[in-house]
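Quick one: this structure, given as C-alpha cells, is what I'll be asking you about.
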Amino acid sequence: MLVVMKPSATPAEVEAVAEKIRSLGLTPHPIPGAQRVAIGVTGNKSGLEPEVFEILPGVAEAIRVSQPFKLVSREVKQEDTVIDVGGVPLGGSSIAVMAGPCSVESKEQILSAAVAVKAAGARFLRGGAYKPRTSPYEFQGLHEEGLKLLALAREATGLKVVTEVMDSDTLSMVAEYADVLQIGARNMQNFSLLKKLGALGKPILLKRGPSSTIKEWLMAAEYVVSNGNYQVALCERGIRTFETMTRNTLDLNAVPVLKALTHLPVVVDPSHGIGLRAHVAAMARAGIAAGADGLIVEVHPAPEKALSDGHQSLTFSEFDELMRQARVIAGAVGRTI
Amino acid sequence: MLVVMKPSATPAEVEAVAEKIRSLGLTPHPIPGAQRVAIGVTGNKSGLEPEVFEILPGVAEAIRVSQPFKLVSREVKQEDTVIDVGGVPLGGSSIAVMAGPCSVESKEQILSAAVAVKAAGARFLRGGAYKPRTSPYEFQGLHEEGLKLLALAREATGLKVVTEVMDSDTLSMVAEYADVLQIGARNMQNFSLLKKLGALGKPILLKRGPSSTIKEWLMAAEYVVSNGNYQVALCERGIRTFETMTRNTLDLNAVPVLKALTHLPVVVDPSHGIGLRAHVAAMARAGIAAGADGLIVEVHPAPEKALSDGHQSLTFSEFDELMRQARVIAGAVGRTI
Amino acid sequence: MLVVMKPSATPAEVEAVAEKIRSLGLTPHPIPGAQRVAIGVTGNKSGLEPEVFEILPGVAEAIRVSQPFKLVSREVKQEDTVIDVGGVPLGGSSIAVMAGPCSVESKEQILSAAVAVKAAGARFLRGGAYKPRTSPYEFQGLHEEGLKLLALAREATGLKVVTEVMDSDTLSMVAEYADVLQIGARNMQNFSLLKKLGALGKPILLKRGPSSTIKEWLMAAEYVVSNGNYQVALCERGIRTFETMTRNTLDLNAVPVLKALTHLPVVVDPSHGIGLRAHVAAMARAGIAAGADGLIVEVHPAPEKALSDGHQSLTFSEFDELMRQARVIAGAVGRTI
Amino acid sequence: MLVVMKPSATPAEVEAVAEKIRSLGLTPHPIPGAQRVAIGVTGNKSGLEPEVFEILPGVAEAIRVSQPFKLVSREVKQEDTVIDVGGVPLGGSSIAVMAGPCSVESKEQILSAAVAVKAAGARFLRGGAYKPRTSPYEFQGLHEEGLKLLALAREATGLKVVTEVMDSDTLSMVAEYADVLQIGARNMQNFSLLKKLGALGKPILLKRGPSSTIKEWLMAAEYVVSNGNYQVALCERGIRTFETMTRNTLDLNAVPVLKALTHLPVVVDPSHGIGLRAHVAAMARAGIAAGADGLIVEVHPAPEKALSDGHQSLTFSEFDELMRQARVIAGAVGRTI
C-alpha cells in the first residue's frame, strides 16, 4: 500500500498518516519526492482498504502495490531516483562512469589510474581494498592501506570513490573512506549486511548475484531501502549460465526490465559481464544502448601485471577509446556522459 | 590446415593442391576469397606438416587451424562473409533488417505487414509457414499456403523472404519459395538437416539452440559449410537460463565473441531474446551497439490477435520507431541500415 | 477432457462417443486400458461441459484434464504403462536394463558386448549405428552395416535392440532392425520426426533435451502419443547447467516428478548423466532408488579404444558389479531386475 | 605440497618441518591423522621441490597437490573425516540423519518435532532461529528465543542441535547453543564469515551455493579448514537451473564426485533439493544410494501451518516412513542409520 499526500499536505498531516499506519501494527516509510510526499506501508498481510487512509486530511490517494518489492517499485515512486554523490549524479540523464583497477595495489598504480580515467571522462574511481576471492590463497587486497590510497587519489583528482565492503566488521571503516559502497555479487543476499546498509546514509551500488533473479535482486534492494536508505543503484554484472567462452553472461535484458519495474538507477559492468578485454567496449556500448544509467569498468595501468582480473582490464588508451564510443552511443539515446 | 594460394596461382595449381590433399585421404574445401584462393583441409587427425603443401607451385603458405571449427573460423578466412541475397547484402557494413509476423496467417495480414515493414526500412520479410510448437494441439502454420502468401508479398514489395524449414521432407518445397532458409533453435543440431542444407545453394539463417554453447553453434555452421554452402548467417535469439521474467536471456556477449571467431554474419533476434514487446526496441538497439550485422524482429498488424507470439510482436508504429532508433545507433557505430 | 466408459460399454457405445466428439470439431483418442476403455478429447479451446458426454449410453464419467499434456498424463490414465518389447517388459515392477557400447564399431565388439551384458543380466542391447556428433569431422557411425551387426547380436543372444534414429530418411530402415527406437536428446523437439514416430507401431525411448523442462518433454511425448503410438518411455540423461566437472547434471528430481505426472515408464541414463566412468554405478543406484523403471548404460569391451564416449563406458566387469549393486537397490525398493 | 611424516616421527621433528616451511615464507598446516602426522604447505606460487623436505629427519615423503583446494583434498588426506559431534559421528559408516522444522516457531512445535524425529531414528535436530528470507517482510526467525528452545529440545531428547548462523555479529551467540553450525547457501562465499568459522572449534555444515560449482564449494571449505577448523561437512541442497517444476535441481552427481575429491563428509538435503513434500523421500533414498554420509530433512508437526517451507516439510508419519525406507537403502549400500 502506498499513501500519496497532496502537494499541499502539511507535516502534521503526514505525521498523522504515519501514526495511523503504526496504530494498525504496520510500518510507515516516508518516500522522498520532488512534488509531494508519499508514504509506503509495509507489514500488511491481509488486504488493506484504501479508504482507511483516503479519509484522512491531506491524503490524495492510497494505492495497492502489486509487486512483492514495494518501496523500490515504480508503482510507489514514478520518477527516476537520482543519487547525489557529493555533487555528482548517479542516475538521471547523465550516464555515470566508474572506472579503475580491480584491486588497489600501490600508490603509483591507483594515482595513475585515477588521473587517466578522469582525463578520459570518468567521474568515479573504482578500486577494491577488500577483495572476495574464490581461493583463500589468493591476494585479498590491501585493506585499510588500500582505502587510504583511494582517499589520496580522490584528493588528487576530485573523483568520487566506489569501493567494496565485504562485511559488517569493516563497514564503518570502509564507509569512512568511500563515496559509494559496492556490495559484491556474492553478498547480494547477505541480509544482515543489507540491513546495516539501510541504516547508513551512504550511496550503495548493489551488484546482482550470479544466479539471482531480477525479483530476488529487487528484494535485496528492498532490504536496504526498507531500512531507511533510498540511495541504492543496481549493477548488472553478468549471470552464471552454461556458456564457458565468456566469464559470465551479461544479462542486458535486465536493463529495460529493471527500468520499467523500479525507480532506482541501473549500472552495467561489462568487465565482469564478458570477462574478455577485447570485448569490454562492445558490451559497454550495448549497455548504454539498452538504457543503462551508468557503467563500471576495470582499467589498469598494466593489465598484464595486475594482481587480479588483468585479463578483463583495459589499458588507459583502450578506456579512452571506449569513452569516445560510449559518448556517441549516449548521444544516440539522448543521454550525456 | 589451410592452404593459401598466391594471388598469381593458376587453376591448375589449385587443382594440384586439391589432388595432393585427396591423395593423403583428406578432404579439400576451396574457399571463396576476393583476392586469392584458399583451400581448407579437413579429416586430418594427426599433425600435418605445412611443408607438405608449401613446396607445391602456387602455394603462398599452409596454416594450422587451432579451433575445432575450421572453415567458419577467422583463422581460415579473415574478411567478413557478405551473403548476396538476390542483390540485398546480408553481412558487411549495412545492417540487414528482417521483420514480419511470427506466423503467416492470411493474405491481408502478410501483405499489410510486408508493406509496413518495407516502408519502415526493412529489406527482408520474415514469416513462418511451418511452425515448431511445444504442444501438438497448437497452430502449426499454413504450410504451402503460407509459402505462397510469402511469395505474393515478395512480388508486391520486393522484400526478400526469410522463412523456417523444419525438416528434410519439406526442404525442397520451402527452398522453392524462400530467399533465406531459417533453421530454428530446436533444429540447430539436426545434423541430417544441416548436411542437406550444405548441398543447397541457398542462404541459411542458423538460430542458436537455447542451450547451445557458442562452440557447438559454430560446429553446427561447420556442418553446413563443410558440405559446400558458405552462405550461412548466425542468429542469436536468447539462451535458456534460470531467469523467468524474460522469455530467454539474449546473450549479446555472443556478438563480439562471434565476430572475432568467425567470418560469418551475426544477426540478433530481440523479439525471442527478451519476449516482451515493451523492451524489444531496447534490445535491438543494444544488439547493433554490440556489433550485430542484422536484426530479425516480429511485427504484426494486430499483435493482440496473433496466432503465435503476440506478446512479443511490435505494432507497425512501434517498429517504425524502432527503425528510427536503430538507424541512429547504427550511425554511431559506423554502420548504415 | 477424458471420457471414461463403463466396463460394460459396448464397441458401438464407444464409437458413438467418438462420433459425438468428432461432431464437435474435436479429436477422439481411444486409450488402451486393462479394465475399461477411455477416450481422450483434444482440440477444445473453450470450456467443454462434462454433461455433453455423461448423458451418452455407456459413459461412466467425463473428466477435465488440467495439464497441457493430456494423453500422457496420469489424470487420463492412472495405471502404469508397460511396453511389451517382444515379450520383454519396459515399465512395471521389473527394472529394464539396457546396456552396450555407445557406437557399434565391429562385429567382434558388438557380439562380445552383447554376450557380456546379457550374462550380467541386461535384457536390452544398446548401440548406435547413426551417431549425432557435435563435429562433422568425427565418427558418424557404421549406418546400415551397424544395424545389421545389431541384428546379428540379437540373434546370437536374444537381447532386444535399442538404437537411435536420427531422421525421417532413415526411419524405416532403422525401424526394420530395432526393437526400441531411441530419440536422442538433440531431437527431442524434432516435431516432424515425432509425428512420424506416432504413426509407427514401435516402442520409443524419448531422451530429454539437455535444456528441456519436464513439461516440454511431456509435450514431446504427447506429439508421439497423440499421433497414435502409446509405446513411449522417457529417458532422463542429464541436463545442461553451469557445473563443468560432470558432463551433464543428472536430474533425478525428474524421476519422482514424472512418475506422479505420467503413466509412461521412466528410464535413467547414468552414463551421459554424469559422464565419468568411476561414478556411473553410483548414479545408476541412485536412479533406481529414486524410482526409475529402467537403466541405459554404456558398456564397451575396451573403453580406452572406443570411437566415442570411452571416458564414460564401463568395462564388462564394472558393469557386472553395477548389476550386482543395482539388484540390491531394486530389492530395497520392491523391484526386481 | 603435503609433507607426510613417518609414524615414528617425534614432535620435535614435526616442528622442525613446520619451521622449515615458515622459513620459506610459506604456511604449515598440521593435519590430524590416525596413523601419522602430515603437514600441508600453502602459499607456494612457484614449484617447490619435494627434496627440500624429504631430506629432513622423520619425513616419509613430500607430495605435490595438483588441485587448487589443498587441505580438503583426498590427495592430502586419504581417510574419510569423521566429525565427532559430542559423541555422535558425522561421517563414516553410519549415516547421520538431521531432521526438524525449517524454523523454530514455539516451544510446543520444536519439542514435539524433536521427540518425533528422535523416535524415528534421527540423532540431530535441525531448526532455524535466524532465517535468511528473500523478502524483508517475511518471518525472520525467533532469534535468541529460538536458540533457547533448541537447547531445551536438546535437553529433553539428547539430540544434537544443527542451526544456521547468518553473520559474524551473532556467531558467538549461535555457537553457544548449537552443536553444528549451518552455513546457508547464500553465505557459502561469505569469506569473512568462513574465516571466523575457521577459528572456531565447532562442526560446520557448509551448504552449497545455488550456483556454485563443486570446485568453488571446496574452495569455500578450504577457507574454513585453512583457518584451522577441520570439522566441516558439505551439504548438497540443489542448484539453480532452468527447471521450474522443482524448487531446485538436486545435484546428486556431486555426491560421488565429492567423495572422490575430498575427505569431508557429504550430506544431502532432499527437502530443499526438490521442494515438493511428496517427493522428498524418493530423493532421500537416491541420496543414500549415491553414497551420501548424511541427510537433513524438514519435518513439521503441521506443515500446512508452518511459518516457512511448509510445502516441503514432512509430517511425522511421512518422516517415519522415510526413515524406514532410508534404512533399507543404507543396508543395501553397506551403511547403517
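Residue numbering begins at 1 within each chain, and the chains themselves are lettered A, B, C and D in the order written.
The working rule: contacts are C-beta pairs under 8 Å (C-beta built on N, C-alpha and C of every residue); 3 or more make two chains touch, one makes a residue touch a chain.
Predicted model only: the values in this text are computed from it and were never measured.
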Comparison of A-D and B-D (more C-beta pairs in contact): A-D
Remotest chain, chain D as reference, centres from CA atoms: B
Centroid distance [mean C-alpha coordinates] between chain D and chain A, Å: 34
Centroid spacing, where centroids are CA-atom means, of chain B and chain D in whole angstrom: 49
Numbers and ranges of chain A residues touching at least 2 other chains: 211, 240-242, 244
Of all residues in chain A, those that touch chain C in their complex: 211, 240-242, 244
Chain C to chain D touching residues, read off their complex: 211, 213-215, 239, 241-246, 249-257, 260, 273-274, 276, 278-279, 282-283, 285-291, 325, 328-329, 331-333
Residues of chain D defined as touching chain A within the complex: 42-43, 68, 70, 132-137, 166-170, 186-187, 189-193, 195, 209-211, 216, 219, 222-223, 226-227, 240
